[in-house]
Amino acid sequence: MKKISTRTRVLTVTALATALGAGTFGAVSANASAPAAETRAAVQKDLSNKHLQQNTRLTVDAAAKAAQATLDAAEKAGQRVTVAVVDRDGKTVVTLRGDGAGPQSYESAERKAFTAVSWNAPTSELVKRLESTPNLKDIPGTLFLGGGAPVQVKGAPIAAIGVAGAPSGAQDEEFAKAGVAALSR
Amino acid sequence: MKKISTRTRVLTVTALATALGAGTFGAVSANASAPAAETRAAVQKDLSNKHLQQNTRLTVDAAAKAAQATLDAAEKAGQRVTVAVVDRDGKTVVTLRGDGAGPQSYESAERKAFTAVSWNAPTSELVKRLESTPNLKDIPGTLFLGGGAPVQVKGAPIAAIGVAGAPSGAQDEEFAKAGVAALSR
Amino acid sequence: MKKISTRTRVLTVTALATALGAGTFGAVSANASAPAAETRAAVQKDLSNKHLQQNTRLTVDAAAKAAQATLDAAEKAGQRVTVAVVDRDGKTVVTLRGDGAGPQSYESAERKAFTAVSWNAPTSELVKRLESTPNLKDIPGTLFLGGGAPVQVKGAPIAAIGVAGAPSGAQDEEFAKAGVAALSR
Amino acid sequence: MKKISTRTRVLTVTALATALGAGTFGAVSANASAPAAETRAAVQKDLSNKHLQQNTRLTVDAAAKAAQATLDAAEKAGQRVTVAVVDRDGKTVVTLRGDGAGPQSYESAERKAFTAVSWNAPTSELVKRLESTPNLKDIPGTLFLGGGAPVQVKGAPIAAIGVAGAPSGAQDEEFAKAGVAALSR
Amino acid sequence: MKKISTRTRVLTVTALATALGAGTFGAVSANASAPAAETRAAVQKDLSNKHLQQNTRLTVDAAAKAAQATLDAAEKAGQRVTVAVVDRDGKTVVTLRGDGAGPQSYESAERKAFTAVSWNAPTSELVKRLESTPNLKDIPGTLFLGGGAPVQVKGAPIAAIGVAGAPSGAQDEEFAKAGVAALSR
Amino acid sequence: MKKISTRTRVLTVTALATALGAGTFGAVSANASAPAAETRAAVQKDLSNKHLQQNTRLTVDAAAKAAQATLDAAEKAGQRVTVAVVDRDGKTVVTLRGDGAGPQSYESAERKAFTAVSWNAPTSELVKRLESTPNLKDIPGTLFLGGGAPVQVKGAPIAAIGVAGAPSGAQDEEFAKAGVAALSR
Amino acid sequence: MKKISTRTRVLTVTALATALGAGTFGAVSANASAPAAETRAAVQKDLSNKHLQQNTRLTVDAAAKAAQATLDAAEKAGQRVTVAVVDRDGKTVVTLRGDGAGPQSYESAERKAFTAVSWNAPTSELVKRLESTPNLKDIPGTLFLGGGAPVQVKGAPIAAIGVAGAPSGAQDEEFAKAGVAALSR
Amino acid sequence: MKKISTRTRVLTVTALATALGAGTFGAVSANASAPAAETRAAVQKDLSNKHLQQNTRLTVDAAAKAAQATLDAAEKAGQRVTVAVVDRDGKTVVTLRGDGAGPQSYESAERKAFTAVSWNAPTSELVKRLESTPNLKDIPGTLFLGGGAPVQVKGAPIAAIGVAGAPSGAQDEEFAKAGVAALSR
């Protein structure tokens, strides 16, 4: 076994920085449970120093723009919701507690976003996985209710938007996806 | 940059302050899951300043009166319970730990009230929603057991009463509703 | 003693809704420790129903505008900070985690805002109170470091902005005050 | 093996139940730090069964009466506060969040009461003990600020009232003592 | 409505202190879910002062004796367990972490005891109630697994013993009941 | 009083220290739910002092070696995971957060390891026990998902490895077992 | 650098198991802050397997005996206290909540014991270290008040006893030391 | 409305990815409190997409190498410590609980690392800042004791190493710096 530090760990996502452009954002559109998609990650080896990696994130401006677009979509639909944007590490970047949103909505929104970014899929898709693996929902920080949508770059999750407060998770998720879509404009 | 604050967000509940009177309190009597009811909120735009909204709450005197009436109802039925009143933001306003109530009753009462005010329905109704959306009960702070009843003004939730300690949630909720009813006297 | 509910509790802030207008926002400018200022509250008795009170809050749009202005001020100064806006109840309404802000900044910002809104004074003023009452800082949820500024309506606190991440609390607070000022434009 | 339970542990407070009457309630009036006072306890051996002890508590009605009297006193003084009553075990029995009280006041009131009942002295007295033993204030659940007052029966603590929200702890404590006094009427 | 404090709240358990003797301890032997049993409480009005009630508890010596007997029973059966005794308020009075007991056993034992004392029934009985009311198990502090047994005085719960670590909850509960039985010797 | 400590508590695992050697490590290979296996413990009476026992643990070097082997196995399979090693007391000894592992993986890995060491079985086996005892999964600190594997000495658990982040628990557990196997080399 | 697993880490405490006997227990008697004492540890390399170490602990019987002796000492002095015994890993092994002990005493006792075992010195000695290093007391789980005493084997800490509830930490610690002394009888 | 996202936020750290090489790691060597140093951040605008930023991190292999080197340094000095490596977001990446390290050391190590990475300075330097700003130490997650050292790239913090368990923080920090130095080899 070589020294830990001299082994070269090949990352499977390559050339990330070179090709990103408008239009690369979007919620998972196909098979959310595909292993291939799941193991993508928005990190890449730093070519100039073997000890470093580069991690892709939304800027706070982009996150705020997405959150605002999400809230606007809810408002148009006459719904009172809270919106949260979390990064790939599960840290909350932006929150907007909408006027009149219920008290349960704040932490729900954060957890839906956390769940979506953890498995790189909309939470409405993830709910289906509980049929085969019901205890997934016992993982701390998660919430398996519709309303979370990942923000992806070339299929890898870099953030997620979570929404809570509308009468159904489907509606919450529609707003979250409107927020994701705003990043491509 | 167009200021975020100059957009006019139209609130769907209007003329709230002008028409409130005795008799407007009551638990949800009809279709607890109706979206229309759910999206009502006891907030309204402040007409004199675009940055402000007005939020309706029970006074502490009203909350204490309701809690006392709730405890009295339990006592008449020979039950030992704890009573909690929370506001629309989920904050506890009044608690009364009844003589001989079990140790599980205090936090249960708070959570039942939190749950009732979050979805603007008695918790006995909300339990039924778990059939279609079982993970609702994973939202932090909630408890899906009978015993919580919302306090409404024109259909919008402004508070809730939670009760725990009786042998059944149905009994707990009967006491909670007696507390709500006391606000109309 | 009359029934609890029939006593009339006279609130000391009157005519709140009638006279609010642009320019009424601002951080405490005078004697932050004056009891008179401290006991003002942005609540008023609801004239039409003895059980209700009206509570004034920022709209989410106003809070987001203030938070954005705060972050912009920090950016102009070349500082990386996190911004939080909390309401009078201490609940977080908006957060913006700035690009490159340290990991300690998120909860610090929330706590500074919580502290400012609790005592209706900038946290830089509140730090001084620890000389006579050092244990104030043991109250849960508080943080006695410069960087929090209250948002007032006629002298009563309705929200606060907290900032953390700059090398000094004085700088943090300068940005927070810029956020408050944006509400008067 | 000699049974642990056959040893007779003599309790130092005797004849507790026989002599309690109106007028026995009151805050500590003399030397709060006297060891003799501190080691009294409102428990007594059950004479009919060696395994049992009897523990004295306020009824919820008494606790509610005291809390209401406390809030009334604050109101008369024009202060907005939260009131908490805890029993000798530190459990909260009654809370009243006063209209317009700051968000820091709820947990502060509970902790002041917890502190007063733990050491059987008003918290304003207990603050002085920090001069010789500063780390007392690191004990979980405590808050060393004026505003907590014990409820005593023959010198032993059976409950405490905590108040928070006024500009000074001295004022908070004045209201708490008014609440204690109401139990002797 | 009379003043809160002057109402006389009649407690349903009377003459508690006069008749307790050896042999009154025991786990629920009959219908654990009977409302009558459930609403009994080991508290009684203090006849000499309307504001006071008397609360019955195990002495620490009795609790230690019961815990030791529980551990001895487990040892005889060759099982490694943790034992906890809690009082009627849910507070832990005695714990014994047995040699070699698994790390999950400590908090499990406390929660089983908490659950047993809350509903005044062995936890193996309480598990059955989840069939009709599955969300009971979401109440904070509870654990619905065999291994908890209440300690009763005239049918009212005054404490409970919880055991965890054996391969089945049935075994755990057998040890807990041995501990309860030791109090009648 | 016969001293508690003079009773001789016979431990069922004997001669532990004398016969351990390479090759004794391994995940449970047979009937994971056998009571006999479950009650083994890696502790033994200290022969020279009746008050002491000896507890067997991995060295940190061994734990780090196992964790590294686990991460290497995941990497070879192209999976991004977090690895945790906990000791028999449930304390975390080593963690490795793999590059690009999801935010849910860190606490998941710790909990899987905690679960495996608590019941001395791979978590994939333990999931099956929920069929007969579903509430096992409510025990604090546990997570019933594949990915945890115990490290045993003569059948008794002394540590466990937990892995999270791969698309399935089965894969996670394969890596964990590779880590266990590395201790026999 | 050799492989992690093949390096031989020499432990500085040798021959631990061979020479332990009655009388080796005792609180630190000399210079509590001596680095030499502090770095001793009750672990030793397992000679038969390079991956294992042996960790010395009190049996539960010994811990219960010590706790009971501690409580007896307090009782003789007429003090009401809670006693906790923790092992070298900081885990609570035995607790005894004394009759009439204050509500703050339970967690205080555990933390004092945790502190004493962490630095292998009575907490009254450790308080003095805060003069040069005041922030030691910010370490989670600690409490720097007299009342904790380590249990040592050949100078290394294997457990600690914590006591809380007496009027002074000095008294608490006297009882704790009586508990330690009981292990040498 | 001008899109939030179209504003160009100029980051002050440029050309990060192009020039990193061996030897760029190191603890702060000069004026730790210099604002210029503090506001550097290891993030940079993504040139190909205005919504993205790139964040530099250690690989898990580098973090493990550094942690191992830290533990080796402690071992050479005969000290028993726990080591933690956290990234710029405060998340723990690697932990190694050394053989015989005290129970307080695990969380201490994590908090020291968190503190060092938050302010980009060794914690021994940060302790000095408390002279002018004592309440810094009230920020959640921090610990102001020597033993934390940042890992920097061109002066910006990308990670930190925390060590706890040696008799002095100075020694802990020496080991942490040895870990940082290992990254330049």
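Labels for the chains are A, B, C, D, E, F, G and H, by order of writing; each one numbers its residues from 1.
One rule holds for everything that comes next: a contact is a pair of C-beta atoms (placed from the backbone, for glycine too) under 8 Å apart; a residue touches a chain by one contact, two chains touch by 3 or more.
Chain-to-protein mapping (UniProt): A, B, C, D, E, F, G, H = Heme-binding protein.
Nothing here was measured: the structure is a model prediction, and the numbers come from that model.
Enquirer: So which one's got more C-beta contacts, A-H or F-H?
Expert: A-H
Enquirer: Have a look at A-H, B-D or G-H and name the one that copies the C-H interface, over half of its contact pairs being the same.
Expert: Equivalent contacts to C-H are found in G-H.
Enquirer: Once you find the CA centre of chain C and the CA centre of chain D, what distance in Å lies between them?
Expert: Taking the average C-alpha coordinate of chain C and of chain D, the gap between them is 32 Å.
Enquirer: Using mean CA coordinates as chain centres, what's the gap between chain F and chain G in Å?
Expert: 27
Enquirer: How far is the middle of chain D from the middle of chain F, if each middle is the mean of its Cα atoms, in Å?
Expert: Using C-alpha averages as centres, the distance is 47 Å.
Enquirer: Pull out every residue in chain G that's touching 2 or more other chains.
Expert: Each of 3-4, 9, 43, 53, 59, 64, 68, 89, 91, 99 in chain G touches at least two other chains.
Enquirer: Where on chain E is chain D touching in the complex?
Expert: Contacts found on chain E: 3-5, 7, 9, 17-22, 24-25, 43, 45-46, 48-59, 61-62, 64-65, 68, 89, 91, 153, 158, 183, 185.
Enquirer: Which stretch or stretches of chain B touch chain A in the complex?
Expert: 4, 9, 11-13, 33, 35, 38-39, 41-43, 53, 88-91, 114-115, 117-119, 133, 135-136, 138-142
Enquirer: So in the complex, which bits of chain B are touching chain D?
Expert: Against chain D, chain B makes touches at 59-60, 64, 68, 71, 91-99, 106.
Enquirer: Of all residues in chain G, which touch chain D in the complex?
Expert: Those in contact with chain D are residues 68, 75, 78-80, 99-100, 102-105, 107-108, 111, 127, 130, 137, 143-145, 166-167, 169.
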